[in-house]
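Common to both upcoming complexes is chain A, partnered first by chain B, then by chain C.
Entry: the complex of A and B
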């Protein structure tokens, strides 16, 4: 039966027409929808559709309560119901930045449409109000510098910054006061992370959110500004372009190895504001809530850190950048802390109170570079395998070293040799950490080595989000690798390979040609005289000489490098080798040049 | 045209080139056709298989004296014939250049993480200590897989799964949880035929109870984010989640009888 009603929809979908009205839901659809919902949705959204499933308390934002008929992501005006396509789109794609997953790959098209039909039965409004009309929008104008600049003006004049902050990192004045319609704390979106936008990251998505608002959240809609003639539709598009321009084109994906670029000795940036950081490559490391050891934390605030790193052969410097809506401890966020703790903490059996807590970040390394992958436990080590850490906290604002043997079990190692500088501005922390490759105390501290992968991991806390101790965000192990100068041997090896293969080729061709001539001569009854080859012998002699000379040059390079790096023994022995090679090269070259050919040897 | 298609040298060349293409791209294309996710064929495998083809071709051409002579013709011609000078010279330039380039690629310093030799299903111990009690894993079946207990266990397991495991292993048991991208190695996919479908329930019980830190060395206990669930859940709760995993994913666990047959 169902296949009959589905067929036209499938055809329409194939033709790209599915945005038109799908066939009305039958009772069978609803029944099938109930089955699928019970199996895959009820644990979050609740069997009654009230958003009170058994898993609901483990997440912020909470699952949608379908009984209210209030939907965030719509193509319809504020306060209206969503269209079936709106609901289907969310089921297909999920809501980035929340726990709501996408189901396009997982469930069949029929099942997803059945879900739409079933979800709508939770609210009587869908029946009483009838099918909503989507708003019609003109297509997006292309982005340009001018549009983005004008968008920025509107960003300021219509006060997006109240909530989203001066630079758009979600740190506005009002951001500590925001709750959704259910009374749960809600963060204003970080506009630098379009990949976390609930309704999608394209300019069209953003524009549609600005036109229709996010119902159930404090995020208003701006259609009325257009209706009131305060701004034109085109200007709203410019604003959408501005918002989109804050985020990278592509969602950043973590690299397993963070490259620590090499700079000339003494050229290492010593300050956060140093322009040279602009040239250093930036690596994104995602962070997630610490939900591995008690007490777990399901509402982390810091969800990633950008890492830049440079070394100059004797010191290494890191610049870490992460977004944080406040400079903790900020008394303005105490109320927010209370809301977050009410929403998230009781489950872990803790009774926590809002309190002034600092922000912090810890960088972890193994105490020594491990053989292969044999590392300490990524969650701050354990009793038998400690990690070596740099712990920074916004109070007092400097970094110290420590050895940790488990969450919160650590032994301070002082701050000697570790320089740090931190600054919070417009929703963003930046932290500079710098230390010599060779540590103050090699027994307990990591010695950085050039050219080998060294494990690194991060742990971050937002104090105003009530985070401290185990309640924070973590990463697993990544690696850093200090870039090394390309050693001269790197160029020697291919050269030798080239000469060798080329020489071999010449020999093969010559031999083949000579044999060919012999065969032909034999056929004609002529006996060829043995070929004297004075020129070839000469060339060979010169080639050998040149090769020795190249080796000598490479050795000299190594020697100079050794002296420069202060490794006198290396420098000395390479100098000796250079001497020998030079002698060998001169003998070969001079000998060949002076040698005169005296006709074939008598045998 | 026929001069080329019937000539053993060009035939051999075609066989080697086509086989290489098939091994390199063709094999990886196949699983996709039946809906299984595919992966690129490792370089070492491509090398091995191509080498086998090459040896086979050489055996074939050298097996027959006349064919062998004909096979060598083009090579010989390229080496000596005066009108093939351009071919000869360009080969002599290109081949050493390629070799030099390959050498350079091999010796230049590269940035890469150390190879992980992590074993995904390390051998389980025969018995474990669970919250102070000894549990013998060998021969142990899920005690909740009884007609009168199963339904309640499934419901309990479902609740526990979505409260505790979902952030990593995902709503769909496909390792697609919203925290999954934060961990390396990424959480294990639980559905499909390649993970828990291969295991007995007692193995799964052990892995849940002891988590990453309880792995033997070859399992890489230092970076598995899997928590030690005995710190959070009782034995019955872990059995309930285990039962739920299989039932929700629609797969059956291996039983100890099957294991026995295999041995």
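Entry: the complex of A and C
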């Protein structure tokens, strides 16, 4: 890549084509940049570039204050200005994990470059310090198990866990005390969610952030340590590979239907730690701050929940997994709550104080499975259309059932029949919820039906982030679908069909043989007893073939259905059955046709 | 990789020089001080004409009690203390008020002073900055020392200078310079939220930090009239105009009071207030 860009640059230098290099922005660029900025950027970053636009106070982290010349994502050393390319990259791609969107699709290339020129005018440093020198980043060595393992050791030895936690979920001892350059609370990155990394999710991005630090945040740079000989570049790459390995390769995309897999009766996991959960597929449901009804919440802590679900035909069990930096209420987070409330709450007219608040999650369903898409309001229903809920809270640590008719308007339904188990460890909650398909009180509780999409939605609260009531994270409606039982008849049907049609086939062959004998006997002058309805026997052969073909098609349907539902074993075996049936049908049809048109086999 | 590191080591001083050089210009624009470029090896005045300032900083009223630091998150640091780890931001234990940055704010404009070759050391020991307050000249090295041997980061949040954020997971020194005058630059450790310190950067050698007795000296000044400012992290600033005459020692006293404690804002420590306090303290003009 580098060598490709060098050649044109060298040619340009030879020819004196300085225009190929970033040139000092002309007044025209700056003027155009101002127009674009005023239209698209000033609402958040402020007309003065100080990061105090009208929308800014609803955002954590706050929009960048351009007057300081301080930029998180750079290709330059800590304290250095960013290059034009660095600024342009953030404009183009946005900053994952923040409210900054990418503008590559919305604005023309010229406008985006004009924006860079204009943004730089907000800080005197761009004038006084001149063009910054980007660090030279070596190419990434390939990932390997060894590198990842080394990186893990290095992670511990340079004490990344102080902020990012022992397992990297952003729950380190210092995580409740972190502030950015503006004095606002800032979360240490949850390294299991590379898609939220401010500077990008590739291993190269991670390495570069380690080299440059994220200025304006607590994240320091490590170039100084390499320069001083305290670590090697290779060690830093190992660390980057380890960090990258914690997240899935692809950003998880939510699926509309959460498949509730079926297990044999009595095989439903009854505990969080049950290893059978390892076999259950995990579905990611993103959560966002509740910003529809007052009091709105723009600083949600829980941004997603992984859902696993299984049923055994009589009970359903869910295992929910979500990241939370603390086991609320934790007094160590009271000061953090104060900062969060200072930054966020006053806008909603509430005067909240830091207080011990529990963590919580609520799973909600409609009380009955709706016809079509007629679902209750996802924000806990309303007066006419309630929702049925399972509410779990870290205090007292158990789950209860409720009917909700609006945010925080509950009618408790007790806990009968709903079992739960929860555990917090290293920045992660796991919660098991289990209930019979047929509820204790069918009048107020959902009855789970097999094979039918059932709406499901989630609410989550991080008490140590001052969340409670309407101030929490929400999902819209998703669906669960309890995998259809594979009844014994499913496996019996092909067998019966085989035997049945096989018997018919034998009959056909025997009749055909008998007719052959008749013909031969007639030729020999022997009179056999008359064969009734010989034409029907031939048609019967076609009928059997057609029946087998029909069965083959049905089996193919099952196979496709199995694959589509992700049950590869079911899909495979139905495909095998389809194959056999197709062969049988072909033999019957072709054999009968041959017999009919070519006459009996000559002996 | 090895080759790359070599390249970096070779390049680093050059880049640093470039930054310092350019930064000096920035300092001029921002601070109006002497600037850091082409510092002369000799004093810009006839030292035979010099005079001195001596003085003391006092505190009247009831000082807030030392703040107890919760070091449960860093047991190794907590173990270095016999009792509860504490920090006294208003330290009057020695009779006067300690940790006051005293410097010539006005009166030396246009003069360029040699930059001391020796670095000012700020040690991180027992998860505290020692000293809490330090003064340094533009272009002079500050050596941030990690004597704790556990992860610290030095996150400096200047406004007239460029910020930086350096990690130190082991016992080591990291040297940095500041290109422009700035009073004060907050530094903090994000790993240990209670660790806060301040660095005053001026264009000349006439700065000091009061000791336990509150006494200070500013010696070998060119004769003239100066505005001397005394800056305290929790009490704000006081200033006095002092005339220095050849061969004489002018005396000056700064009296901070507990009333200033409340007016200067919150007495609680913590990074949240820390940066606000630095702004209250003001930037040298």
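Note that the second predicted complex is superposed on the first by the 466 of 603 C-alpha atoms of A that agree within 3 Å, B and C clash if a C-alpha of one lies under 4 Å from a C-alpha of the other, contacts with A are read in each partner's own complex, and residues count from 1 in each chain.
Operating definition for what follows: a contact is a pair of C-beta atoms (placed from the backbone, for glycine too) under 8 Å apart; a residue touches a chain by one contact, two chains touch by 3 or more.
Small disclaimer: the values here were computed from a predicted structure and weren't measured.
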Which superposed partner A:80 touches (first chain B, second chain C, both, neither): second
Which of chain B and chain C A:101 touches, first, second, both or neither: first
Partner chain(s) touched by A:265 [first = chain B, second = chain C, both, neither]: neither
Contacts of A:469 with chain B and chain C, given as first, second, both or neither: neither
Larger contact residue set on chain A - chain B or chain C: B
First (chain B), second (chain C), both or neither touched by A:412: neither
Which superposed partner A:513 touches (first chain B, second chain C, both, neither): first
First (chain B), second (chain C), both or neither touched by A:219: second
Contacts on chain A seen with chain B and repeated with chain C across the two complexes: none
Residue ranges of chain B in contact with chain A within the complex: 76, 79-80, 88, 91-92, 95-97, 99-104, 106-109, 111-118, 158-159, 161-163, 166-167, 170-172, 174, 176, 178-179, 181-184, 211-213, 217, 220-223, 225-227, 231-232, 248
Of all residues in chain A, those that touch chain B in their complex: 39-40, 43-44, 53-55, 58, 98-99, 101, 103, 106, 254, 256-257, 259, 286-289, 291-294, 298, 372-379, 382, 385, 451, 453, 474-479, 481, 483-484, 486-487, 489-491, 493-495, 497-499, 501-502, 505-506, 508-509, 512-513, 516
Residues of chain A defined as touching chain C within the complex: 68-70, 77-80, 124-125, 128-130, 133, 136, 138, 157-159, 162-163, 173-174, 177-179, 181, 183, 213-228, 230, 232-234, 335, 339
Complex contacts: residues of chain C adjacent to chain A: 1, 4-5, 7-9, 12, 15, 18-19, 22-23, 25-26, 29-30, 73-74, 150-151, 153-155, 157, 159, 162-170, 172, 174, 190-193, 270-272, 275-276
